[in-house]
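Take a look at this one; I'll ask things after.
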Amino acid sequence: MLEYVGKIRDIARRLLSENKVDVVIGFRQGTIPMMSEPAVVSRPEDVDELYWDYNCGINLTNYLTKRTDRIGVVAKGCDSRNIVTHIVENQIKREQLYIIGVPCHGMIDRSRILAALDGQEPTAVVVNDTEIVVTGPGFERKFNRQEYLQNNCATCIHRNPVVYDELVAEKVEEQKLDDRYADVKKIEAMSPDEKWAFFDKILAPCLRCYACRNACPLCYCPTCFVDESRPQWLGKSIDPTDVRTFHFLRAYHCAGRCTDCGACERACPVNIPVRLLTKKLNMDVEDLYGFEPGMVPDVRPPLDVYRPDDPGGFIK
Amino acid sequence: MSEWEPKITAFLCNWCSYGAADLAGIGRMQHTPAHRVIRVPCSGRISPKFILAAFRRGVDGIWVSG
Amino acid sequence: MTSVIIAKSKLNDFLASLKSGYQVLGPVRQGDMIAFGPVNKAEDLALPYSNTRLSIKSVFFPQSERMFGYSLDKEDADAGIIKETPKEYPNRVVLGLRPCDAKAVTLVDVNMDNPQFQDPWWVKRRETTTLIGLGCEHPCSTCFCTSMGSGPFDETGLDVLLTELPDAYLAKSLTPKGDQLLKQAKGTDAASPANEKTAAEIKTKAEQTLPQLDTAKLKDKNMMELFNARFWERVQFACINCGACTFLCPTCWCFDIQDEVSKKAGDRIRNWDSCMFPLFTLHGTGHNPRDHKVQRVRQRFMHKLKYYIDKYGDGPACVGCGRCVQACPVNIDIRNVITLMNEYQTSAGTKA
Amino acid sequence: MMKGLLEYMGTEPGRLHFSWISSAESTKFVEVANTVAEEVKALGPAKHFIKEKAEVA
Amino acid sequence: MGNPYLPYPVRIDEIITETEDKNLKTFKFVFLNPADEQAFKYEPGQFAELSIAGKGEIPIGIASSPTETGFLKFTVNKVGLVTSHLHNMSVGDVMGVRGPLGNWYPLKELEGKNIVIVGGGFAFTTLRSTIVYLLQPENRSRFGDITVIYGARTPGMLLYKDELAAWEQRSDIHMHITVDRADDPTWKYNVGFVPAITEQKAPSAENAVAIVCGPPIMIKFTQPVLEKVGFTPDTIIMSLEMRMKCGIGICGRCNLGTEYVCKDGPVFTLAQLNNLPKEY
């Protein structure tokens, strides 16, 4: 995807010098391997700051919410679907945006690579068509790229942006997958007590830092339910019930809106697979309403509207 | 010791189920005493937060009825 | 100040003797992370390791801690009266923490244990805990401890410093607490001058691998001009205002106090808080002095790298452990911010 | 959906019930009330999601 | 070692509703343990954390004066969770007070000077403490002229109405009470905003200091007026409010640059504030 860099810079330079946009939001190259920093550029001479590689997993739609200027924004498939969600939910206007679409090959999963290195520290990471080559002091390790993609990228079926003003490259072929929800179904097959124990275990390290919530473009409420004090819905300590309540409601607020961009999971400093919750809801929304969020600009999400044919099997 | 009875929070819509409960009362119909009724202006007012709040306070079951 | 040798083959004897007088904590594996946890035998220690995910502060200052308890039952004579929750403070040893973490503890001491007020829980845990540090032979690429007044073999805050030799650890006691611990420990042998020499070489070599960031100019900057600098706009853009950096930071000490009630009794609990959260400074009236992200991001860096230096004539309140560099989801790198602040031109003098 | 996620996270099916009853359907009310109570009773006392004293240091 | 987070138990002895909107009440507390009262030595301008089991703590300025013994007084505006709960409590209820906290008006250093007190709305509490302290017979002689400019939205919103009336009668204190508007035809004092009245009365800055406490908008407009009549930034003393938790400079939220409002403040001179970030 490195060949995208030049194209992104060219487009950004053109947009800024022709005064088509006020700013361009993209990524800057990271200061450590497998990271990148969201960046905003407002002068044509600064566009060389922009970068693109396999580590741009944060969702840039997060930086668009309620902005009033004209923005050029770099968007992968999942980001573009969030832009659609934002437009549907009146957080930004389509006219303000010039979407620089990026057909995506999937982002690599930093946390799993670091775990696989088991304490060895990578100092350089190069990604080619099939492999991720990691080098560090006294070692070189190779990982199969497909296997070490972020889990949401491995099961992604919308790699190409769904809305864009310009693409930086030809569209990529979409993945054909047998079962995108295998991990969810595995949990569903457990008994209630097993499920309870399973989630207790994965949520145990949670610090309540709210990186998952804040990295998510859907979480733009002025006051989040965890910050409400009258009534206060849940305690603020790391008591397991409070942690679970937080994760439950965070995920639930994304039901029917989540595009599975994986920013939440990527942002987590303690590697909690928080997507297991949102993914379950995605699966249910797909099953019950045949809906995929962020695909069409003028359709409200299903839990936002009433239709007489809404499924009601759960009602006595 | 008497048999264990569950505690159930029942969120009942003022206009539908609460009315039905009222009618059941007028008709002197016998039913379980397990429910603790919370009358809501509309069952659409129920937020997932309410349900979790009830569970967190230790109820054994929740019944939302429109 | 004595030095002894603990042969790796005798590490279990050493641990067993510690366990007779102390609870032993050390870096242990928890899932795919390393954290401070109970150590029973040498195999529990996740050595070698680069650093624990959470810093040592969680050992002295747990993320959530019960402060007080009270009854709300009107029948009770003492309803509504807030009382201390009894706690135990067993003698503890933390084995194998990194020197940067120990240095951080001393920076937090200034806040928690000051001439006017002492945080009782922090102070008691500090008194009853002995810190055995493990020097870093191979610092990470994100480490910059030597720039921050610490170092891979820095002795500040430690009671004993271990240096890993090929088949043993050289343990150097640094305080009376450390002396006492080594005196009663088993599995130790006398150290030879050759051991000391090897350790010194390892130390020098490790220090040389670390990058040097210039921080010397920070203390002479004008605080208000630095506060008003334009670069904060650029620094803050990517920030998502999560608390990952502050929670993982060994020198971030801010906390919140909350009351929690269950039926007719309740607790007063303190939890880590973060200057990254808007709620941190929100007034009851709805006014928020740090309403914008840029103010909150600036607060964090200014506090560590300028306010602390000015207030205490020490610091900066950063030890260069690199945790925030590793964990920031959007790659805001404190090393870049240090350079920006250090290079920013202000008129001389910090106080008018 | 909510029920789905609760059950997915380990709450037993049968703890949470939904129904539609018109204000005229007192018989249905009694019926559903009894069914709900029986199902919950069959599950026994709730074990999960109860916040008592915070589990903290 | 005492635990600085542990409040002293107190009993509510009296509750006075101060204002016509009933949002401001004055609470008089009596210590349950006499020894605690001995330990609670304070100066005008300090604050304390009012601590309610199950709800939390709120930092409130002490309205009573150290010259009044046997009780503590706090006037509390109903805004949030804790204050609302406090407003619903009754005489005889037990709660906690933690303090005294923060610094105070440097009255000892101001001996021999004229003192101008400018207050607005419900921020008058620590100013009341100051006035009562200054008017104490053995204290009064140690200070020069005392001028008080105090404003509220309406006559019914003034705090401590009986005391204000009593002070009006005295010759050793110049009272200028004002309201933003008065519908009451019997209102016999000033009408107008505090800055305007300050300008009109133009207290002399000669050998004087101004102690200012009020809502931010009042402070913003009073400051230039005071400077115009000759007060310099180091003779303008202000008291800030902030979100606080610990009250003892440890929890970290209330700093302005290097200074913690709870421990190094809440009283600052304008000169000090001019050298600190404006994050209040």
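Brief remarks on what is shown
Going in written order, the chains are labelled A, B, C, D and E, and every chain counts its residues from 1.
Assume a contact is a pair of C-beta atoms (placed from the backbone, for glycine too) under 8 Å apart; a residue touches a chain by one contact, two chains touch by 3 or more.
Keep in mind it's a predicted model, so treat the numbers as computed, not measured.
For chain pairs C-D and A-D, the one joined by more C-beta pairs in contact is A-D. If you average the Cα atoms of chain A and of chain B, the two centres end up 39 Å apart. Centre-to-centre separation between chain B and chain C, using Cα means, comes to 50 Å. Rounded to whole angstrom, the centroid-to-centroid distance between chain B and chain D, based on C-alpha atoms, equals 10 Å.
Residue positions 48, 52, 56 of chain B are each in touch with at least two other chains.
For chain D, the set of residues touching two or more other chains reads 2, 6, 11, 17-20, 32, 48-52, 54, 56. With touch defined as above, residues shared between interfaces to two or more other chains in chain E number as follows: 80. Chain pairs that touch, as defined above: A-B, A-C, A-D, A-E, B-D, C-D, C-E.
Here chain B touches chain D in the complex through residues 4-6, 8, 10, 15-24, 26-27, 29-32, 34-35, 48, 51-52, 55-66, going by the rule given at the top. Of all residues in chain A, those touching chain C in their complex are 30-32, 35-40, 58, 62-63, 111, 115, 119, 121, 123, 137, 205, 207-211, 213-215, 227, 235-239, 263, 266-271.
Taken together, the chain D residues at the contact with chain B in this complex read 2, 6, 11, 14-30, 32-34, 36-41, 43-46, 48-52. The residues of chain B lying in touch with chain A in their complex are 48-49, 52-53, 56.
On chain C, the positions that touch chain D within their shared complex are 62-66, 260, 262, 265, 267, 269.
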